[in-house]
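You will see subunit A twice below: alongside subunit B first, and alongside subunit C after that.
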Partner chain A sequence: MFLHYIDLGWRSLRRTPVVSLLMLLAIAIGIGVTMTSLSVYHMMSVNPMPHKNDQLFAVQLRTMDQGADWWTSDNLPFQLTYQDAMNLRKGSVPFRQTAMLKTGFGVKPANPDIPPFIETARAADSDFFAMYEVPFAYGAAWDKAVDLQGEAVAVIGDELNQKLFGGGNNVGKDIVLDSVSYRIVGILKAWKLEPQIYDLNNGAWGQNEQLFIPFSLLPIQELKSWGNNNGWKYEEENTYQDKLNSEVVWLQYKVELKDKQAQQDFRDYMAGYIKEQQKLGRFKRDDAEGDIKNISQWLDYRQIVSADNKILVGLSFMFLFVCLANILSLLLAKFLKRAPEIGVRRALGASKTQVFAQHLVEVGMLGLAGGALGLLIAQLGLYLLRSGFSRYEAVAQMDLTMWLAAPTISILACLLAGCYPAWKVCRTTPALYLKTQ
Partner chain B sequence: MSELKPIFNALWRSKTGALLLIVQIAVTLAIVSNAAFIIHDRVSFLNQDTGLKAEDLFRFNLYTFGKNVDIAKQQEIDETLLRAIPGVADAVVINQVPLSGSGDSTNFHLKPTPQQSRGARAAFFMADENLLNTLDVKLEDGRNFEAADVVYSQGFDKTANVLLATRSYVNELFPDGDGLGQTIYLGDNPFKIIGIIAPMKGPWLDDEQADNVALIPQVMAAPFKRVLIRTEPGRRGEVMQQVEKVLLASESERVVSRITGVDKLLLEQTSQDRLMKNMLLVLITVLLLVTALGICGLALFNVGRRTRQIGTRRALGAKKSDIVRYFLLENTLVSLIGIVLGVGLALAMSDVLMRHYSLPRLDNWFILYSLAGIYVMGVLAVYWPAQRATLISPSIATRSV
Partner chain C sequence: MLSMTNISKVYRSEMVQTNALRDFNFQVNEGEFIAVTGPSGSGKTTFLNIAGMLETYTGGTYQLDGIDVGRLSDNGRAELRNQKIGFIFQGFNLIPDLNLYENVEVPLRYRGIKAAERKRRIERCLEQVGLGARAKHVPAQLSGGQQQRVAIARALAGEPRFLLADEPTGNLDSLMARQVMELLENINKDGATIIMVTHDPELARRAQRNIQVVDGQICDFKLYQGGLEKQRAGAEV
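And now, the complex of A and B:
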């Protein structure tokens, strides 16, 4: 019966080619526009590590003195001072933890044919790799003892390994960073974490670092910040030690907490730390406090999806709504024009349900075709986005969810629009039309 | 107006179709007026005057990794070498690049710390006495730096004591407009305002204080520096290709990277706004097209359905123009109701956008433009079907009865 309906639907669509084409275009364009903006939104708001959402936390402290305010919604700086990062990471509450700094070096390859180049690097603790599930091809993270003493060791990414050595196991070899030799202890597999949840300060999209060194090297190598530094009061900063002692926030600190209890323990630990520091004369304010945010809270808090994107998604759905109203009125007109034919079918014994089903199948076919065409339009739209706006390369993509969402939304929308016309036509009284034939 | 009653009756008989058209027109008006307003907003943001000739400026990073390089001395050599390249108008080693989207800003105050006083934030550019000429910004008042004003340092251990600033910044600190010649403080370091420069933008366009710019005659020796070069018009490309070779020939323990035109940096910085503008333009165009096609398609159907009625009217003496007018009037009636609803919807939508996404309030003119546009579009869309209706022969009425 279903096949028969499909056949009937196909005939009916072909009988009014102009109107069928108009409806097809309307749904395809509606789906195309909606899917383009929805895909960007979807990719932007994606949580890259949903399975660790309630385990990885960003740590914040309200360190400013009374009267100094931050511009964030909860009056907390995004980053930490060196003192606080160092003090907090001494604690043993978190299952894993890492303090981090975005830095960089001039790399001078051993091979004289390769000219020196600049490489962004991340100073982190050895736990970083396990926390963010960074896969190793060779070797492993440096020893935990290095996190305390500082030693010139490095973990390099697959791409950097290719560039420097042409690939292969090069653990134990040296890499020269700013004229200092670092021993390579680990080499990563090709790896991507987007949005870059461990540091969203300088854009969420873009390449992950290819070079990792111990955070404990900060005071030893006087590693410069290649990221954001924010102060809330004027401080003399003539030496690197001045910077380490300052109230400038410039470091990221993330912890892995296994369960609710651990989260509470860590909050208590922070509260205790703040009290202790207040005794030492810091955090001179009434509402000094700390906070931890999990991955999705952090992404939301840092507004990774811009207001523009949300507006576009909203407008696109309104657009789709107009397309549907359009289709609905065309369908209504088309079905009603066919009332005499339906009258005959009803007189010959077709039930109301059958007539209703027949028309819904026709509408569903329209939805499927419109969805497919809409996908093509969305692909074109995303392609134009990628080629015109390099910043959108990573997010102007469709994943499987979106590929499936397009025809689903399309068919559902069409069925929704088709219900009323189909119901209207199946109520046709046979007698009325038999008379006039 | 006697025609209105039959039109109204006809619409009433197929009220679902009319209602759908009304809803379509209303939503279309709401989307178009809001989107057009956002587009207008972005276009004026994108077309604002930066005060700089970005197409003649380019920048690059210079990172010295050699530990034995005398960076301070090398910077002087570099500037001399760069300024000697044919086609270069001027060049400076600088702390940050205008229009680049990243940089430093700080608060200057009227009194030294720890005294409390009025302060205002400015993006600050630090380079030698060639800075103003490299930026190619006019001096409006006072005097420019001289070589004697420039302070060479390793860090902030010593600071320059004069600066140039834009008028908008000086006036923020001195609302009476008597800022020239006054002294302001960064911490407890005094800076005398010796000159007012023509308006220019700092590193960020979307900054609330994008016009607050200060130029400081100070050169800090650091491993990581930026270089800003202005070339003679049309010669930027050739100069960009030479800088790396020239600099590395002088000292090889360093890396030149990100040689980029300032106009390209500006494009990168505004990509979100350009994207929004383009997406909305496409959205409006396609939406109007879909709505127009919908109106047209429905009118065609109505013509077909009313063939007999139209034939009868023609037979009873209605002129072709009467038939066209009938359809236009019908469309006007539907459009008017849709537009009234649409104005309300547009305002409600603007309210939501304003509250949740801090967009500016919708300018009523945009609603007016949009509704006029949508009405004209509706008339055009209905015109062709109406023309076809006039082709219906009066004999149709007699034939089938």
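And now, the complex of A and C:
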């Protein structure tokens, strides 16, 4: 019977080509707009490492003195001071850990044909690559020993490798950063992690860094911060050492904790650390505490999906609703015009349910076609977003979930709009149209 | 098998109230062939529609095969109609988008008959009404009489136990009308109960029983004539 309904639906749609086309366009445009905004929303809120969601944690400390407050929802700063990052990373409670700084250099290529250029870099610990599953093409991360001593070594990304050397295994070669020579120990494969969960604070979207150096070089090379620096009190800052000793928060610190027990151990470790620091005269407040947040908590906390975006999704669904209202009225007119035929079908033994099903199938077909066309429109919309706004480049994309969501939403929406007309038409009194010819 | 007691049907619109049927009492036995006659607007179609459960009635009781129709749900009526009743409508009521084959197929589909059996029955019935060669045509390509025959084929294909025919020969020439009548007589012989509305006294005579509907009531033929005479007498005075 279902195939028969499809056949009937197809004939019915073909019989009124203009109305069918109008309805198709209405649903397609509605779905197109909705899917465009929803895809952006989806890509923004997507967790790029769901399998490690409960293992990678951002660490926060409420370090400021009593009376000073942070503007965050839980009164915790996003980043850490150098003292705290250094102290915490000395411990061995986490399975892996990395303190990080977003920095950058002037790069002077060995090849005189390539002009010098500016490159963003990330100072991190050797664990960073394993924690975020960064793939190596050649070589590996620097030794753990380097994390303690500081040594001028670097890991470079695939793109930078192409740019400097034209690709290939260049482990052991040097790269000159701000006139300091770094030995390349590892070269990454092409790699992408978006949103950049390891540092949402300094730009969640865009290209991942192509240059990594040991965090332990901070005091040695006096690495400048290319990210946010926030303080809660006035401090003289004349030398780099002043900054290292200050209460300014400017570093990220992430830990990998394998299970609940490890999480608890780490919380205890932080509590112990705070007590110890309080004895030394820091953290002068009653509710000094630390917190860890997993990836999805962190994404949510940092509001990676902006409120604007949520409003946009809401608006686009409202637009879809308007489209549906139009479809509903078109369907109603179309179906009621068919009442005489339905009267005959009812007289010949069709039950209300069968008439209802026949019409819903027709509407469902419309939804499927509208969904397909809507996908094309959404692709166009996303393309326009990508080409018009560079910051949308990463997120104006459709993944498989969205490809499947489009026809699903479209069919459901059409069924919703079709329910009332179908119900109305299945209630026609069979006799009403039979007396007249 | 069919029994109507004091059935009444009132149509109400904003302005007028029409008593289409009043105190309608009627019994039909299994296997009967009944012809219904009566003036236009007397309630014949209304009676057939109620008998076929296409329409609800306003008062009285109607039992079909011992089942009180008034107690059935809409789906219950649809099922009963689907299983037992075949219709030939006054207007042929073919579905314009479907070709003849598909039109005849409609009741068979709702009855859940398998494709091969459907094909067999459709071809046989179209053959019986002399339209076997035109199965692929749509109703608009046929004359009124041919459409009437398709409507008959559609009713026959369901092999109903109970056939309700509203002027099945209204658009046919007398030869064709007689052929259709023979068809109906044949399926009646095979066991189907038939109620046929007709204006043709010759055809009506061939039925086993004649009833006359006047003003929404069954009336004796003579009484009706007497009434007419009274009317005339009244007009002359």
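Here is the rule we go by: the second predicted complex is superposed on the first by the 428 of 437 C-alpha atoms of A that agree within 3 Å, B and C clash if a C-alpha of one lies under 4 Å from a C-alpha of the other, contacts with A are read in each partner's own complex, and residues count from 1 in each chain.
We take it that a contact is a pair of C-beta atoms (placed from the backbone, for glycine too) under 8 Å apart; a residue touches a chain by one contact, two chains touch by 3 or more.
Values in this document were obtained by computation on a predicted structure and should not be read as measured data.
Participant: Quick one: subunit B or subunit C, who's touching more of subunit A?
Facilitator: Subunit A has more residues touched by B than by the other partner.
Participant: Just to be sure I read the superposition right, which of the two partners does A:Gln264 touch: subunit B = first, subunit C = second, or both, or neither?
Facilitator: neither
Participant: Go through the superposed model and pick first if A:Gln241 touches only subunit B, second if only subunit C, both, or neither.
Facilitator: Touch status of A:Gln241: no partner.
Participant: Who does A:Ser387 touch here: subunit B (first), subunit C (second), both, or neither?
Facilitator: It touches nothing on subunit B or subunit C.
Participant: Which holds for A:Ala347: it touches subunit B only (first), subunit C only (second), both, or neither?
Facilitator: second
Participant: Looking at the overlay, does A:Tyr420 come into contact with subunit B only (first), subunit C only (second), both, or neither?
Facilitator: In the superposition, A:Tyr420 contacts subunit B only.
Participant: Classify the contacts of A:Ser181 with the two partner chains as first (subunit B alone), second (subunit C alone), both, or neither.
Facilitator: In the superposition, A:Ser181 touches no partner, neither subunit B nor subunit C.
Participant: Which of the two partners, first being subunit B and second being subunit C, lies in contact with A:Arg15: first, second, both, or neither?
Facilitator: second
Participant: Regarding the shared-chain residue A:Ala431, is it in contact with subunit B (first), subunit C (second), both, or neither?
Facilitator: In the superposition, A:Ala431 touches subunit C alone.
Participant: Across the two complexes, find the residues of subunit A that touch subunit B and also touch subunit C.
Facilitator: In subunit A, no position sits in both the subunit B and subunit C interfaces.
Participant: Subunit C touches which residues of subunit A in the complex?
Facilitator: Residue positions touching the partner: 1, 4, 11-12, 15, 340-341, 343-354, 429-431, 433-437.
Participant: Would you mind writing out the residues of subunit A in touch with subunit B in their complex?
Facilitator: Residues in contact with subunit B: 18-19, 22, 25-26, 29-30, 33, 36-37, 104-108, 115-118, 177-179, 224, 234-239, 306-308, 310-312, 315-316, 318-319, 321-323, 325-326, 328-330, 332-334, 337, 381, 385, 388-392, 420, 424.
Participant: Which subunit B residues qualify as touching subunit A in the complex?
Facilitator: 16-17, 20-21, 23-24, 27-28, 30-31, 34-35, 38, 61, 63-67, 107, 113, 155-157, 186-187, 223-224, 252-255, 257, 268, 271-272, 274-276, 278-280, 282-283, 286-287, 289-291, 293-294, 297-298, 300-302, 304-305, 353, 356-359
Participant: Tell me, which parts of subunit C touch subunit A in their complex?
Facilitator: Within the complex, subunit C touches subunit A at residues 45, 49, 52, 54-55, 74-75, 78-79, 81-83, 87, 89-97, 106-107, 109-111, 154, 158.
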